[in-house]
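Multiple structures are listed underneath, in structure tokens.
In what comes next, subunit A is part of two complexes: it sits with subunit B in the first one and with subunit C in the second one.
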Partner chain A sequence: MNTLEIYEQIKKNTKAVVYFQEEEGPTPSIYVRSDYLLEVMNYLKNDDQLFFESLMSQTGFHETENSKLFWHLYFDVNIEEDGEHSHEELRLFWHLYSYRQGHRVVIESSVPIGKPEIASVASIWKGADWLERETYDLLGVKFIGHPDLRRIMLPPDWEGFPLRKDYISPLSYQTIDNTPSEITRSFQEKGK
Partner chain B sequence: MKTLHNSFKSDGVVISTVDYLVNLARANSLWYLLFSTACCGIELMQTGGPRADFERFGSAPRAVPRQADVMLVAGTITLKMASRVKTLYDQMADPKYVISMGSCANTGGLFQGGYSVLHGVDRVIPVDVYLPGCPPRPEALLSALIDLQKKIKKEKYFRKKIS
Partner chain C sequence: MSAALKTEFLTINMGPQHPSTHGVIRFIIKTDGEIIHECDPDVGYLHRGIEKIAETVSWQGFVPYTDRIDYVCSMNANLSYCMAVEKLMGLEIPERAEYIRVIVCELNRISSHAIAIGAANMDMGAFTPFVHLLREREHINDLLEMICGARLTYNYICIGGVNYDLPVGFRAKTEEFLNHFEVVVEQIHRLISYNRIFIKRFANVASVSPEMAMSYNLVGPNLRGSGVNFDVRKAEPYSVYPELDFDIPLGDGCEGTLGDCYDRYMVRAKEIKESIKIIRQCLEKIPEGEIKAVVKSVIKPPKGHVYFRTETPRGDTGYFIYSDGQSSPYRLKIRTGSFTGMSIIPEIAKGVFIADLVAIIGSLDIVAPELDR
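Right after this comes the complex of A and B.
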């Protein structure tokens, strides 16, 4: 089944708010509003025809451009008035694959940066445990219902979330002086 | 010593200094600690292999820092790893030396733009020989070892250090 058929199935059998995204890239994705995530994931895993028994990966990125935000459209929020949730979002992706049926799907969702919380799918797929810990470690997304949400790659006393666009590399860590040399500073500033 | 070869008609007497002999012994038996975090470690293993042989310089690999004389820091050191490198260095017995191998250990190397990379291992431990390269060839690593041997042969081991 391709993504369009899976999208039709989800729309038919769950009450979730979903939208079919025709991406410019190779795979179209299904956007799910963040409060319906657990329902959609449960349906995708347990339905006989779809049967997505494995979560391949879980990633995300930080979207800062105002014109490309999604969360406020689906939650029907006026972005200028909602100051504290402000004009940035963290877009998240789940890549699911089914060994029995041989099809794959990309589920997308997004959370505003002022309140980056979303349901955890660790109760559905055991592998989501470490994938969600990595997303928490690097982007700062809180997964509600996760059994043990803490940093997995960076040391536990690290401050900040490195993959956000407004992150500045620290100049020192635990009494080690890590100020970059002049050449290094020119590399780091070129990216900004 | 080479000029003495085959030069006596009968048994003779050779005079030298204790400094010279002790330094000779120390420089020609530098046991190194097998320490590697990244790609330079593969070059380190190849230097221990048959083509560019480390052992012909008297340098045997040791797995434990307490038995090692020289620590070859090979690979990128992250901020999380830096405290462990310091622990390993502290566990080595005096006199100890450090060779910083590859550009990642010298200055952070290829990954200098990263947020968690230590810009050079000399921010946590004192380094004796810096070896550039990405990765340095096994012959380059042998030349770094020879440089370290030259440095050791110049040391005055028995003189009291002014501290």
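Right after this comes the complex of A and C.
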């Protein structure tokens, strides 16, 4: 099945708010509003025709531009918490593959940067455990319902989330000095 | 007296400088005598922030970094990244370049599997096969040095093709090596694979059922060791693989249960033979022509995202790239086989001997820099 057919199946059989997204690059994706994620994922795993047994990859990135594709979707949901209407968001991607059916799909969602919370799919695919821990560690997305959400790559007392675009590397960590050397600074000035 | 006797789990630390953890990996193990009750892998000692670096360098400038993601099979890492970018750009590659890519990648696959097999043996206390296989790997390094001048981190495959054409005499030397190596594979099998002591040590340890392998998203030889017939080269063919004739070895539980350490080991050993077959066909079929498509010096792929995966020795390596149309990637994520291979260890290491944990790591073929990136 291709992405469009899968999209129609989801639309028909669940109540979730989903959008088909075609214009972005060579792979089409299905956008799921963040509060319906678990329902859609459960359906994709357990439906006999779709049967996505494996989660290939889970990732995301920090969208700083105001090119909001779907911000109006969660805007009405989180309007109280997100008082400033910050247009920044974390866009999240799940790549699923079915060994039995031989098809794949890209599921997309987004969370506002002020409240980066989304349901964990670790109860559906066991491999999601570590993938979500990595996304939490580097991007700061809190996966609700994850069995053991702690940092994986960085030390537990690290501050900040390095893959966010507004991250500034610290000048020191514990007793290690990380102030840029004279040579590094000269390059940084040249870059400006 | 006996009623007052108390027992408790002993928490011990293994690594990060343990010689048999294949790099800098640490395990925190709760033991009940010799038996592991709970095993918590602590990774990240080799985290270099390669994904963050990618956001600051140009598209071509990231190729040398992919070498460092997995230094045991740099060619394959180059290929995954370059093909992902090419898919994003919609670039056509000359046919000769595709054949050269397959040849070098399969040579690199052989050397990587040789190291995997040798290291697994060494962890089990058999040092001889490791030294033998390391010697054979030198021949492959010589061949790849002939092509690109480097022996470990090649930076050979580039966006649009390959950097240099095959040198004069490469075909003869490669065929000579393949003829020699086929004999060596048989010797290694006689020496270790069919060795009763080795089989006893590896069979029936840490079986992974097919469902579990798929749920944990094991990839490559680890997945095929559990009997799942999946290979990216066949299932989602790329490059010139559809034109080549090769088989996919599967684990069958021949010495114990399906998906045990021995199955994973044997899949690798058999894959070496398939790689030899592929290289022979490529040398036969390789056409004359260009080796590189015309690519601008500053690449700016169109806006969009792609997830592309190729079959590397440690399973399929997936590159997720998001481009915002600028001269460097906006976001690049690398999903590697070692990472998911490592995530299954807490489950399969439950109730095995501490000495068998080393067998599990060896059979899953975990390479630390690829795990941490």
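Assume the second predicted complex is superposed on the first by the 165 of 192 C-alpha atoms of A that agree within 3 Å, B and C clash if a C-alpha of one lies under 4 Å from a C-alpha of the other, contacts with A are read in each partner's own complex, and residues count from 1 in each chain.
Just so we're on the same page, a contact is a pair of C-beta atoms (placed from the backbone, for glycine too) under 8 Å apart; a residue touches a chain by one contact, two chains touch by 3 or more.
Here the structure is a predicted model, which means the values were calculated and not measured.
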{"item": "Contacts of A:152 with subunit B and subunit C, given as first, second, both or neither", "value": "second"}
{"item": "Of subunit C and subunit B, partner touching more subunit A residues", "value": "C"}
{"item": "Which of subunit B and subunit C A:95 touches, first, second, both or neither", "value": "second"}
{"item": "First (subunit B), second (subunit C), both or neither touched by A:184", "value": "first"}
{"item": "First, second, both or neither for A:174, with subunit B first and subunit C second", "value": "first"}
{"item": "First, second, both or neither for A:138, with subunit B first and subunit C second", "value": "second"}
{"item": "Which superposed partner A:162 touches (first subunit B, second subunit C, both, neither)", "value": "both"}
{"item": "Subunit B versus subunit C as contact partner of A:125, first or second or both or neither", "value": "second"}
{"item": "Touching both subunit C and subunit B, counted on subunit A across the two superposed complexes", "value": "154-155, 162"}
{"item": "Contact footprint of subunit A on subunit C as seen in their complex", "value": "43-44, 47, 49, 51-52, 87-88, 90, 211-212, 214-217, 228, 230, 235, 302-307, 309, 318, 320, 322-324, 330-331, 333, 335, 339-340, 342-344, 347, 372"}
{"item": "Residues of subunit A touching subunit B in the complex", "value": "154-155, 162, 167, 169-170, 173-174, 176-181, 183-184, 187-188, 191"}
{"item": "Contact set on subunit B toward subunit A in their complex", "value": "79-80, 82-83, 107-108, 112-116, 118-119, 123-124"}
{"item": "Interfacial residue positions of subunit A with respect to subunit C in the complex", "value": "24-27, 29, 53-57, 59, 61-62, 65, 93, 95, 99, 102, 106, 125-127, 129-131, 134, 138, 151-155, 162-163"}
